[in-house]
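Both complexes shown next keep chain A, but they swap its partner, so chain B is in the first and chain C is in the second.
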Partner chain A sequence: METKLEVKNLNAWFGEKQALKNVSAGFKGNSVTAVIGPSGCGKSTFIRCINRMHEVVPRARVTGEVLLDGVDIYTSMDAMDVRRKVGMVFQRPNPFPNMSVVDNVVAGLKLAGSYGKDELSEMAEKNLKAVGLWEEVKDELRKSGASLSGGQQQRLCIARALAMEPEVILMDEPTSALDPASTTKVEELLQQLKKFTTILIITHNVSQAARVSDMTAFFYLGELIELGETESMFKAPQNPLTERYITGRFG
Partner chain B sequence: MRFLSRKGTDRLVKCLSAGVTVAAVIPLFWIVIEIIINGASALSWNFLTDLPRPFGETGGGIGNAILGSFLINALASVWGIPIGIATGIYLSEYGGGGRTGSVVRTAVESLAGVPSIIYGVFAFTIIVMTVRHYTALAAAVALGLMMIPLVAKATEESMKVVSSEMREAAMALGIPKWARTEKVVLSIARGGVLSGALLAFARISGETAPLLFTALFSLYWPTGLDQPMATLQVLIYNYALSGFGDWVSKAWGASLILVAIVLVINIVVRVASRQKFTEGT
Partner chain C sequence: MMALKDPDYLVRIYDQMREMYNIVESAGSEIDDGLSNKKRNLKTTLTEQCQEAQIMEEQTVEMCIEAMIRHQPFARDLRAVSAAMKVSYDLSRICRYLRNIAEILEEFDVECDDPDLLPLYREGRKMIHLSLEAYFGKDAKAAADIIKSDEVVDRGYEAILNRYAMAEKKSGSCILFNGITARIIERMADHASYISHETIYLVTGRRVDYR
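Here is the complex of A and B:
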């Protein structure tokens, strides 16, 4: 598999505080990478540099390169175009409460592009099916997106991100606000999604990382300590810090 | 030694605050009851649809004043509400944090504090003095100006409470700023914006001072916006002070209509905003 996403010498700051230190890494296409590390280690900042959401924070700054299919998203792409190609799912489900279930799914297409009505409802159905929500909500498509249960809302948000047909999907602890059954559904979903996209998922749950990911990236104090195949990293971590973290001795 | 037990103090405070609350609500009910008692007898179909009769003649109605109030308020809303909403959007989503933003915010707050008679004198000076006759347009200018700060403030406040998660979610979809503002933030805040607009409408419905300088009054049906025009407020003012029994009773009747309009608007706002809260969760 080819490298879909490459990060070279990435540094990020909040004002004077450096949140990411010289991070370089490559991510293969059609894979799931778990991003792990203790709170405040720069995981969220890292993935927010990949869809250019870090730079919108006042006084935030980024240096280095982020290459999507070899194209630098900072110098050769418009921020809006980057965010259409690199989708994001947040920690707390955040469907738009002013929009129906269907309109939530196609919100990005509707508000950022020009699509016909039939095309939009087709896209809505296709993506609701992709996240396994269609059967559950097909009779309440016109209800507010906020009327669904928490787990359904999160899958709705994943469908909303998928509808943009992103090359990469970033997930920031997508299951931490969900019950175990919903968590399982989202985890199973990841295996379907990686067939046509590349996923980076932040998780605080080490066993979730082991379950869902092909690769794991361990961050500590803003540095990428170790990046490797999940299976081998969990069996034999190269760095003693990684070992201490995944065995639960700190973090 | 304690003068009262803990429970005793609790009961005392509860009674005091309940008593004060009742005292605060009494004037409202008193006014409404007084207006109903005195005004109800004046009500009839003709009262609502007929033209006023000249001084000294009994009968007639206040139809032209009802229509006039509606026309002037509508005209004021047509330009005052959009500018108010646009100002609120600017303060909440665009320049609100910067220097220009704080200048605009101070201006809006000062505008909200200007006594209504000043709006009247202003419209009188720039319009009535120029065209050399009283005109309903000047009234719509004065009342529309009054609406701007009320609507701007309501819009800003209701947009600001929309959680930043919504803005982030929209941004992460690559939705451009104007669409995030209009289709996401403003749309989520629409209940509050609508409430603000309705309350501003209710507020100008009761203003009299600006009208005395602008639309003044007329005993006839409105013939044009550039002409003097009757309004409920000025009719009440004229009739109540006339000393003529039939007109005084008509002033009560007109007051009843005016209070009813304002109360209905307030109740609509209450019910609508309660619905919004149950939907939102």
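Here is the complex of A and C:
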């Protein structure tokens, strides 16, 4: 697998406070990378730098490079283009409450270009199927997205992100608000999605990181402490800090 | 960096294994006495001790499975749970080997003095003792030394076999008694070596070559 995403000497600040310190890492295509670390270690800032969402925060700034297929997303791509190619799923499901299930899925497509009604319907069905939601909602496509269960709403949000055909999907604790059954569905979904996209998922649940990811990145105090294959890292981490974190000695 | 304190569930697993080790040590002393003083009536005692050790092995495995379910250990904690399951098996197996010697002592009931057998047994037993000390003390260096010393027992075993193979005057029963006992001691020492491999894995996270 080739490197899909690479960051080089990435630094990020909120005003005077430095949230990321000289982070360099490569992420292979068609893989799931878990991003772990204690609260405040820079995980969210890191993934928000990858789709240029950090820069929308007042007084925030970024230095360094983020390369998507070798192209610097800060100097050679438009921010909207970046966010189209690098989708994001948030901690709490956030379907548009005044839109139907199907409209939620194609909302981004409608904004992005001119698609016919039939085309949009096909895209909605395809992506609802991709997240395993089609069978559950096919008779209720006109219902409000907000009427679905929490787990269904989160998969709806993933379908919405997928509809834009992103090359990378960033997930910020996507299952933290879900029950165990819904969590399992999302975790299983990741294994399907990685066949055609690259996923970075923030999780506070180290067991989940071990279950779902191919690679794991451990952050501490804004630094990337260790990045490696999940199996190796969870059996025998190289860095004592990683060991302390994943064995629950701090954080 | 300070040494990591074991979580409570691991402390309980180690306590259980120390008790198991005490049983194996006691069984080992019985056999030492049996070989030294030609005692023929150890089978019942050893059978009881090894049954207890086997029950404790099963309990240890249950405790490890419960630890994995409840605590989902990772890194050195995961390695510790994995090693505990294997080492508890090794202890139980060593005990069964000791019982095998007790059975042979009883069944053969012959005077078979071999000056090398008791020293070989004591060498094997010393390896078991040191391997457990290294395991409980999480001492990878000591464990590596024990693996090297396995050769001493292997050579001792081969020397006994070769001597009987070359002997002009042979007593069938004694060849069998000493040969089988030496073979059992060699296997016991192998398990001490396996315990040492687990200790190295537990401490360093690396598997070393068995060969």
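Structural remarks
Convention: the second predicted complex is superposed on the first by the 251 of 251 C-alpha atoms of A that agree within 3 Å, B and C clash if a C-alpha of one lies under 4 Å from a C-alpha of the other, contacts with A are read in each partner's own complex, and residues count from 1 in each chain.
Everything that follows uses one rule, which is that contacts are C-beta pairs under 8 Å (C-beta built on N, C-alpha and C of every residue); 3 or more make two chains touch, one makes a residue touch a chain.
What you see is a predicted model, and the numbers here were worked out from it, not measured in a lab.
Contacts of A:Val206 after superposition on the shared chain: chain C is touched, whereas chain B is not. By the document's definition of touching, of the two partners only chain B reaches A:Leu111; chain C does not.
When the shared chain is aligned, chain C comes close enough to touch A:Lys235, but chain B does not. Look at A:Phe90: by the touch rule set out above, it reaches chain B but stays clear of chain C. Contact with chain C, but none with chain B, is seen for A:Thr247 once the two complexes are overlaid on the shared chain. Taking chain A as the reference chain, the count of touched residues is higher for B when chain B and chain C are set side by side. With both structures placed on the common chain, the touch criterion links A:Gly222 to neither chain B nor chain C. Of the two partner chains placed by the overlay, neither chain B nor chain C lies in contact with A:Gly37. Once the two complexes are laid over each other on the shared chain, residue contacts for A:Pro174 go to neither chain B nor chain C. Contact residues on chain A toward chain B in their complex (touch as defined above): 51, 53, 56, 80-84, 87-88, 90, 92, 94, 96-99, 107-108, 111-112, 144, 146, 157, 160-161, 164.
Against chain C, in their complex, chain A makes its touches with residues 206-207, 210, 234-237, 240, 242-244, 246-249. Interface of chain B with chain A (complex): residues 165-166, 168-176, 179-180, 183-184, 187-188, 190, 279-281.
The residues of chain C lying in touch with chain A in their complex are 1, 4, 7, 72-79, 204-206.
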